[in-house]
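Structures are listed in the sections that come next.
In the two complexes below, chain A is the common chain; its partner is chain B in one and chain C in the other.
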Partner chain A sequence: MPTMLRVGLAETIAYRAEMVVWILTTTMPLVMLALWSSVADEAPFRQYTQTDFVAYYLGALIVRNLTSNWVAWQLSEEIRLGTLSMRLLRPVHPFASFLATHLAALPLRALVVTPAIVILVLTEARAVLIDDAGRAGLLALSLAGAWLLTFGVFLAIGALAFFLEKSLALIEVYFGVFMLMSGYIIPLDLMPGWMRTTAEWLPFRYMLGAPVELLIGRYPDAAAAAPLVATQWAWALGMLGVAGLAWRAGVRRFEAYGA
Partner chain B sequence: MIEVRDLKKHFKVHKRPPGLGAALRSIVHRTYQTVEAVDGVSFRIERGERVGFLGPNGAGKTTTLKVLSGLLHPTSGEVTVAGHRPQRRAADFLRQITLVMGQKQQLIWDLPPAETWTLNRAVFGVNPADFDRTLAELTELLELGELAQKPTRQLSLGERMKCELAAALLHRPTTLFLDEPTIGLDVSMQVTIREFIRAYNQRHDATVMLTSHYMDDVVALCPRVIVIDGGHIIHDGDLRALVKAMLPDKRVSFSGAAAADVLARLGRLVSRDGARTTLEVPEARLREVIGHLLDGDGIGDLAIEDPPLEDVMRKLFKGKPSEPPDAG
Partner chain C sequence: MTVRPGYYLRVLAVSMRTSLVTAMQYRADFLVQGAMSLLWTGLALFPLLVLYGDRDTVAGWDFAPALVVLGLFTLMRGVLEGAINPSLMAVIERIRTGAFDYTLLKPADAQFLVSTTRFAPWHVIDVLAGAGLVAYAFTRLGRAPGVAELAATLALLAAAIAVMYSLWILIVAAAFWVVRMDNLAFLLGAVFDAARWPIHVFKGAWRFVFTFIIPLALMTSYPAMALLGTLTVEAALACLGGAAAFFALARAVWLLAIRNYTSASS
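Presenting the complex of A and B:
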């Protein structure tokens, strides 16, 4: 694994310009921040003050960039073009090689979101953030859980290319639901009751909203936040299991066209 | 050792005529056709053999190689390679084989080949001392020199192919599946690759199964050929025996002038290229024809050869959609 990570990092560095541009296109939280800041300009909107919104959307920007990956596109293209063959010929599970590639991209991702982290810590938004070790530890776990869950969802979508000619069309559907149900556009606290209940039963919240809520202190202590993180990890492991099943069923159908 | 018994690989292919109407109809009603890419193939290859796998385009060669290397699951039949069922892709199996595809690459495009080699060292679990020794051997055989440090995208096709071969062989596989390993390379690079494959086979007693667009590769490397057509094996055996069975006459070529009526009596005129003439002569008449030619004035530089393998393939697949010499 260390060599796979090192080569993955070398690849990330080789593609650094493309990747930075790709990361910087994640502007939705900034748009929503501008919108909600003006709504809460004079008085809090429900329980959210303007500072809460700044903390929430900067948090969303950071979490989104740290937990995202492109494995669905990568896997889908490799299946469609047959280049997955090269991974299948190596005695290491392709999921492990994808894992190494995307973990290796984390340092560059962290570097790109550093300005957002600096703003979050240096402005008055800092007052909203958690400051105890218990919740900070859970936040770290939650970020790892969000990363793993996103990785699992994207692997499962990518593996659908074994069954569907254009599995990437599903990504568009996925993004539509993700943006609405993850807390990316609007915090779950501000959703109508039925919508919030629905969001809590779906995995999307655990890919973004959960760590952000934890970061901005929506859970009073570690004990209150622990079930959230436990549920998130259950989703992550479950989704990896689904991706594994899709892979096992799909790889039998792999036709290695063009390769 | 490779053992294949009644291997079948069928694909379900979506068929759609061109045009917008057909595209719209295909949304609600999709028509599928079953393509029998490999249909009941059986053969056995012993350790250390070099076997050419020939047939016209779409004959089932590459599909067979993909099944043998574990990329495709067979529809039915039994396949054993180095004691393993390939489709299970057990780590021990993958460490014993390699598949080189001339048209696909495993080298990481934007990094120097050395990075891919290091990655392969790690994933194949090659210990550093063995890795250094094998790399030194491959560097010598393939004349890799400075190529290891140049980004892959900046290498020429031939340089890339040499680095691909190194990447495919660093774990010292004992079974090599080579699918068009010399495609697109110039003649001197083809010779280099051929010599390398032969040397690797001899040094490591490796089994080699080769498909190639270039019959020279097959003639130079493969004492045995398996010919496949329409998913069925139509010949499995000695290359010379195949040539003799298909085109029993010998080619006699010589330089110097000879009258047309004399040539017509000696054999069938194949070509007359400047001062050089080539005739096709039945083996039984060879002694007589040679004697006649040697008796003639100004006849020299006499050569007797088998007909080229391209001609054998052309005869074998006459009437097929893609006729040889594309017999890769």
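Presenting the complex of A and C:
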């Protein structure tokens, strides 16, 4: 595993410029921030002040970049072109090698979002951030959970390429629902009631909204936030299980092609 | 090279017909594209609905005028993804692989050829959805734009398309020097996302950047203001002049880049 991580890190460094540009395409939180900070300039919008909005959307930008990966594209490409056979020949489970590649991309991702973190900590947005060890620990857990859940979802979507020809079109639909339901374009607090209830039952908010809400102190103490993180981890492990099942069923089909 | 409008029109017509024939082979894509268009329009609309559910006006814009901007944004995104992106994505790939040499050998202007190689006709749905939003906004306002306003809007939209296209040509020209440019194209699309709000939402430095450096204001806000009858004649003329200058600049850079093109293999 350390060797695989090293290889992954080397790959990330080799394609650093490309990856940095990819990360820079995450402009949506900033676009939303522009709108909402203009709104809250006059008066707070419901329970959100301008500072809250700044902290929320910078947080969303950071969480999104730290937890994102491209395993769905990678997997579906390898299935379509048949290069997955190479991976299947190796003595480690392909999930482990994907995991190593995408974990290794984390340092670069962290580096690129550093400016956003600095702005968050140095400006007045700092005032709304949590500062106690208990909630900070939960935040770290929650970031890890969001990463795992996103990884599981993307693995599952990627594995759909075993069964469907145009599975990548599904990613676009997935993104649409994700943006709407995760708190990416608008905090769950501001959604209309019925929509908020729906969002709370779906996994998407645990991929983005939950850690951001935790970060900006929407939960008064660690005890109030614990159930959130527990549900998140349940989703993450469940989703990895689903991805594993889809994988097993898919590989059987893949071998049946004679690849 | 002498200018032969008839010849270029025929080339354009052939290229469009080819794209249409190709698109017709994948008719299911029409449904997919339609669904996607609805989904993205809904997504863009959602924050506005929440916002104007509580407020009457934001940065001087009421709901209906903001809806006009969003409609024009949807329309312009359709133009960008349907008529500009596909060709220019293709040329970046050709530069990378070296196939661009064959384009240069053809007896027509290379910039014209690379800009018209491919179209994605299904994006016409986005254009219709955008126009629909604008029409709905005007029924809410309870009036229709006058002929002069409509003409000014169309002129500004043409200028906006010219600017968008020129930005793209600059990126393609950059691909002659820096080979991997395809994700820069996505970056442009991501920046264009900011054009969905009226320009007055942006403050200070951002408004300056989006007005003069990456002229997003010209692409949606100014045409919307023209349609609503709130844009001054001077501002409209400045937009048209700026767009023409930008277009000329892009052409000059393109010619310079072509002269420095050394092919992928040499």
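By our rule, the second predicted complex is superposed on the first by the 254 of 259 C-alpha atoms of A that agree within 3 Å, B and C clash if a C-alpha of one lies under 4 Å from a C-alpha of the other, contacts with A are read in each partner's own complex, and residues count from 1 in each chain.
In this text, a residue touches a chain if its C-beta (ideal position, glycine included) is under 8 Å from a C-beta of that chain, and two chains touch if they have at least 3 such contacts.
Note that the coordinates shown come from a computational prediction; the quantities given were computed from them, not determined experimentally.
**Student:** Tell me the contact category for A:73 with respect to chain B and chain C: first, second, both or neither.
**Tutor:** In the superposed model, A:73 contacts neither chain B nor chain C.
**Student:** Where does A:190 make contact in the superposed view: on chain B (first), on chain C (second), on both, or on neither?
**Tutor:** A:190 contacts chain C only, not chain B.
**Student:** Quick check for you: in the superposed arrangement, does A:17 touch first (chain B), second (chain C), both or neither?
**Tutor:** Once the two structures are laid over each other on A, A:17 reaches chain C alone.
**Student:** Considering only touches as defined above, state whether A:174 meets chain B (first), chain C (second), both or neither.
**Tutor:** In the superposed model, A:174 contacts neither chain B nor chain C.
**Student:** Mind telling me which of the two, chain B or chain C, contacts the most residues of chain A?
**Tutor:** Counting contacted residues of chain A, the larger count belongs to C.
**Student:** Looking at the overlay, what does A:252 touch: chain B (first), chain C (second), both, or neither?
**Tutor:** first
**Student:** Check the residue A:91 against both partner chains and state whether it touches chain B (first), chain C (second), both, or neither.
**Tutor:** first
**Student:** Across the two complexes, what residues of chain A are contacted by chain B and by chain C?
**Tutor:** Common interface on chain A, chain B vs chain C: nothing in common.
**Student:** Name, in rising order, each residue of chain C that touches chain A in their complex.
**Tutor:** Where chain C meets chain A, its residues are 32, 35-36, 39-40, 42-43, 46-47, 50-51, 53-55, 58-59, 180, 183-184, 186-187, 189-191, 193-194, 196-197, 200-203, 206.
**Student:** Which of the residues in chain A come into contact with chain C in the complex?
**Tutor:** Spelled out, the residues of chain A in touch with chain C are 17-18, 21-22, 24-28, 30-32, 34-39, 41, 45-46, 169, 172-173, 176, 179-180, 185-186, 190-192.
**Student:** Any idea which chain B residues touch chain A in the complex?
**Tutor:** 11, 14, 66, 69-73, 87, 89, 91-92, 94-95, 97-99, 101, 103-106, 108, 110-111, 115-116, 118-125
**Student:** Considering the complex alone, what residue numbers of chain A touch chain B?
**Tutor:** 2-4, 7, 10-11, 14-15, 82-83, 85-86, 88-92, 97, 165, 252, 254-256, 258-259
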